[in-house]
Amino acid sequence: MDWKSAFTRARRGLREERRLYLVAVSSLSVAFLCLAVALLFMQNLGALGERWGQSNHLSVYLADNASDTDVAQLRVVLEALPEVEQVQSVSSEQARAEFIAQSTMGEELSTLPADVFPASLEIEVASGTPVQRLESLSQRLGSFGSVAEVETYSSFFERLHSLLSAGRGLAMGLALLVSLCVLAVVGNTIRLAVARRTREIEVMKLCGATDSFVRRPFVLEGAFQGSMSAFLALLLLSAAFLVLRERADDMLTALMGMRLLFLSPLAMLGLLFGGALAGAVGSALSLRRYLVV
Amino acid sequence: MDWKSAFTRARRGLREERRLYLVAVSSLSVAFLCLAVALLFMQNLGALGERWGQSNHLSVYLADNASDTDVAQLRVVLEALPEVEQVQSVSSEQARAEFIAQSTMGEELSTLPADVFPASLEIEVASGTPVQRLESLSQRLGSFGSVAEVETYSSFFERLHSLLSAGRGLAMGLALLVSLCVLAVVGNTIRLAVARRTREIEVMKLCGATDSFVRRPFVLEGAFQGSMSAFLALLLLSAAFLVLRERADDMLTALMGMRLLFLSPLAMLGLLFGGALAGAVGSALSLRRYLVV
Amino acid sequence: MASGTDSGAPVVRPFPFFRAGVRTSPDAGTRPILELKGVSKYFQRDTPTLRGVDLTVQRGEFVFVTGASGAGKSTLLSLIYRKHTVDDGHIFFCGKDIARLTSRSIPFLRRNLGVVFQDFKVISHWTVFENVAVALEILAMPRRLVRARVAEALERVGLSGRGGETTENLSGGEQQRVAVARAIVTEPALILADEPTGNLDSHLAIDILTLFEEINETGTTVLFATHDHSLIAKRDHRLVSIEDGRAVEARRGLSSWPGSGLHALVG
Amino acid sequence: MASGTDSGAPVVRPFPFFRAGVRTSPDAGTRPILELKGVSKYFQRDTPTLRGVDLTVQRGEFVFVTGASGAGKSTLLSLIYRKHTVDDGHIFFCGKDIARLTSRSIPFLRRNLGVVFQDFKVISHWTVFENVAVALEILAMPRRLVRARVAEALERVGLSGRGGETTENLSGGEQQRVAVARAIVTEPALILADEPTGNLDSHLAIDILTLFEEINETGTTVLFATHDHSLIAKRDHRLVSIEDGRAVEARRGLSSWPGSGLHALVG
């Protein structure tokens, strides 16, 4: 219908109530910032889970008496399996050197003899292999004579997984909570803004304006506010993100084993459009009771 | 002056604008919730730092050829130092047992001979001892013939400390940011609420009301709103806290080495009174420009 | 108001009655523009404000509506522009029952009415121009035409050249004239003027009355609620008085003026 | 208004003039209550609304203020209750220059005034009682006394028993009478009534005028702005007309009524 006039009136409204909308946008930005932070958490936790939880790794510790041919044969068998991506053999010496390098008490342990550490085959399994498959594989490998023990690290990964999914659940719950809050705050703010203009609405309705004529500029203003707030929140977040990266990236990278990720472009777009939508819907809803004249 | 009438009018205002204040309180609760969460973080990080960062511990590794009398003499000397609180001697056997118990690869290492692990004296230093003092102590100890090496764990604690203080700084910054937001939101909300009642204010002023007569009920309403919001936020937070404790306490205790702490009564009281104060101040400030009639 | 100047014959209104697609009865042209039949309005259960008002207004009539303060003049008008609904009886506007309008049709009813509200209902932080133009913007009239017609309306009420001022800063009488301008600018079929001269001095009151009469001569029906007896006495129009919730024909002559019962106050 | 009933002699006001501790000049009792000397007000730089108004009102006088729409009646009154400040000249109230009041003293000036605003300024979502009582609550009057005096004031304006109704639901004239009740309930030294009968029928208008005259007889000074010539013609009070921004004494007799220049509109 007559969107041009609605635009004109929305602009007039924004200009007249500049102060009001400024404060509204500032409060909304805080809410959106919370939402964006929660999203950021989720994104990084998800990436972390992918990186850590999915590294399907098997260690096949070789018996002390395993001959080189036995080991070579085992390798051939393993490499033929469809799930296995890579097999790497680690000798006792290598294992010892690696252990000492990783340990914080390295120097004290330098006297450890190499034969304390068993030789092993380190196997990379294709990502996405179900856990049961790994279990059956490890059982079958255990029956080989040259194999002393198979370590699937399943208990470690189970713990990590449960930790990560707990974190993800927390972040998700937070995101949901904050979304609800954003909706409420948007609605409230626009309801307050509308409440100041009840007289305008009343006059327009008494002059024969249809509900949609009255509603349209408010909906536009609401959408504008919502997207502006989301935009501001993203701006703030990216600034904070850059500062954080500058100052604490090494530490975080060391802790997480990966660089911090920023929100994906899709998530950012979603925030902007979600903000506009929430603003428009909140505004339309909050208008209802003022339209009865 | 006439606080009774102000109370009556504040009650009337709260009743008339019930809806408005309900939504204002709900938005403010979110802001206070953020603030409380930041405070909770800070509190727990502080406790964590106290627990981990302050354990001033020295390990004096004894030379393989140290005689029992040398060690006993060393103990006497150490125990005479004012900084030293407790000295405990750990034999090679004990060290090996402890190492194996702590290690995740315990079984593999069970064949390690005891003499790989040197005997040591584990020293607890009085908390609050400056780092330089520890360094000089370790140097002097190093010159003893029976001492092979002194471990002050300084690099480990330095890393931990910097991690904790980074976390604390982050939480503090967050708390500051959120405090500012709370002030802004309180001010905005009350400004909006006041804007709906400009006519009342105008009429009262034109009838000869003093500024303080007009201001008082609004200030009371603001204080009420602020403290109600803080109260609601605390209620929500404690509910979330109890749920979290129920479901994830073991994991968190394992991770942190201590139980999660809730906000101290002082912090809670501070939040409530801070909320009331912020509400009152925000309301008084936002009234100013409407009092010019 | 170009139509006002070129002929005295009834004009065709520029926008449809009621909602697009809703046809009025075929004999709408010959029927009275407004018919109230047994209209009652109860704001309080036991004391009705209006009880059984019967009133027929023909196309092109000019009717004074009078009555004591609180008699129900404003209420009667508000029933016609559907601010309130009747509790009993029917109001026919161009043959359509207003009480039966859906809420989606109400705007299309109001576009055929020009209402001067007793409390003006001007937006104080808008300019004079914006306050008058809003009635035309609602009709989606092009900007250029809006400017021309608003300027014309402002001139007719004696406010030409003051379109840019903030309405808040106008005097009481000037604000009232803005309200009059907004009511006449759309060239409605029926004008409901509720005390449109209450804040005007007698000269200006007669000017505004004359303005309404001029518009009336182009075929517009006018209901003019007032308690200014000196104004009523000056003109020879039909006079309806609201007494005890009923409409009484009180054809001119103030000698036959019905007492309001409020004299007792003076003692 | 107990004081109104027991004697016609000037009464002593129950609350201090201006701020506590500020003494009025010693000859305040004999000096005129209100003196305007060369008062000017420029809303726009080039067209002053008031230019050099000289007006002296003695204690206990009843003065009609009249003038065309937009002449500056409301502006004149608003200068007295310090909504606006004079751009030039002085206004002395009981010998104190209003222009020199600090903003902390303004409330104490206003407590000595009873103002009926042209746009009523009643709070529509308050009850009638609350709207009148607010003037007394500001004076920190005890609750019981407030109830008694509000009831009395409502009775005087013909609204007794309607204190519990929401003001929004009242008719225009009823709202205006609420505004009158609020102005008289504090028994002020000076009443500024801006068009207090604009929404009242002629009988009620005379009732309200009579009410102000009764209050005037107890020693209260009344400035009554109106353009209802029939009302002015009925009484023999001093008449001040505002013309071209100046106050002109136009002692009664409507024959000498100055033209407003707005006749031209009618053509």
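Some observations on this one:
Going in written order, the chains are labelled A, B, C and D, and every chain counts its residues from 1.
In this section, contacts are C-beta pairs under 8 Å (C-beta built on N, C-alpha and C of every residue); 3 or more make two chains touch, one makes a residue touch a chain.
Everything numeric in this text was worked out from a predicted model, so none of it was measured.
Traced through touching neighbours, the fewest hops from chain B to chain C number 2.
Ranking all chains by how far their C-alpha centres lie from the centre of chain A, first place goes to D. Rounded to whole angstrom, the centroid-to-centroid distance between chain A and chain C, based on C-alpha atoms, equals 63 Å. Each chain gets one centre point, the mean of its Cα atoms, and the points for chain A and chain D are 69 Å apart. Taking each chain's centre as the mean of its C-alpha atoms, chain A lies 26 Å from chain B. Averaged C-alpha coordinates put the centre of chain C at 31 Å from the centre of chain D. Chain contacts: chain C has no residue touching two or more partner chains. Shown for chain B are the residues that touch two or more other chains, of which there are none. Viewed as a contact network, the protein chains form a single closed ring in which every chain touches exactly two others. Chains touching one another form the pairs A-B, A-C, B-D, C-D.
Contact residues of chain B toward chain A in the complex are 20, 23-24, 26-27, 30-31, 34, 61, 108-109, 111-112, 116-118, 156, 162-163, 166, 181, 184-185, 187-189, 191-193, 195-196, 248, 251. Contact residues on chain B toward chain D in their complex (touch as defined above): 1-2, 5, 16, 199-200, 202-211, 213, 293. Contact residues of chain D toward chain B in the complex are 81, 83, 104, 107-111, 113, 115, 117, 121-123, 125-126, 134-135, 137-140, 182.
Listed in rising order, the residues of chain C touching chain D in the complex are 43, 66-70, 73-75, 118-119, 158, 169-174, 177, 194-195, 198-204, 206-207, 210, 227-230, 260, 262-263, 265-266.
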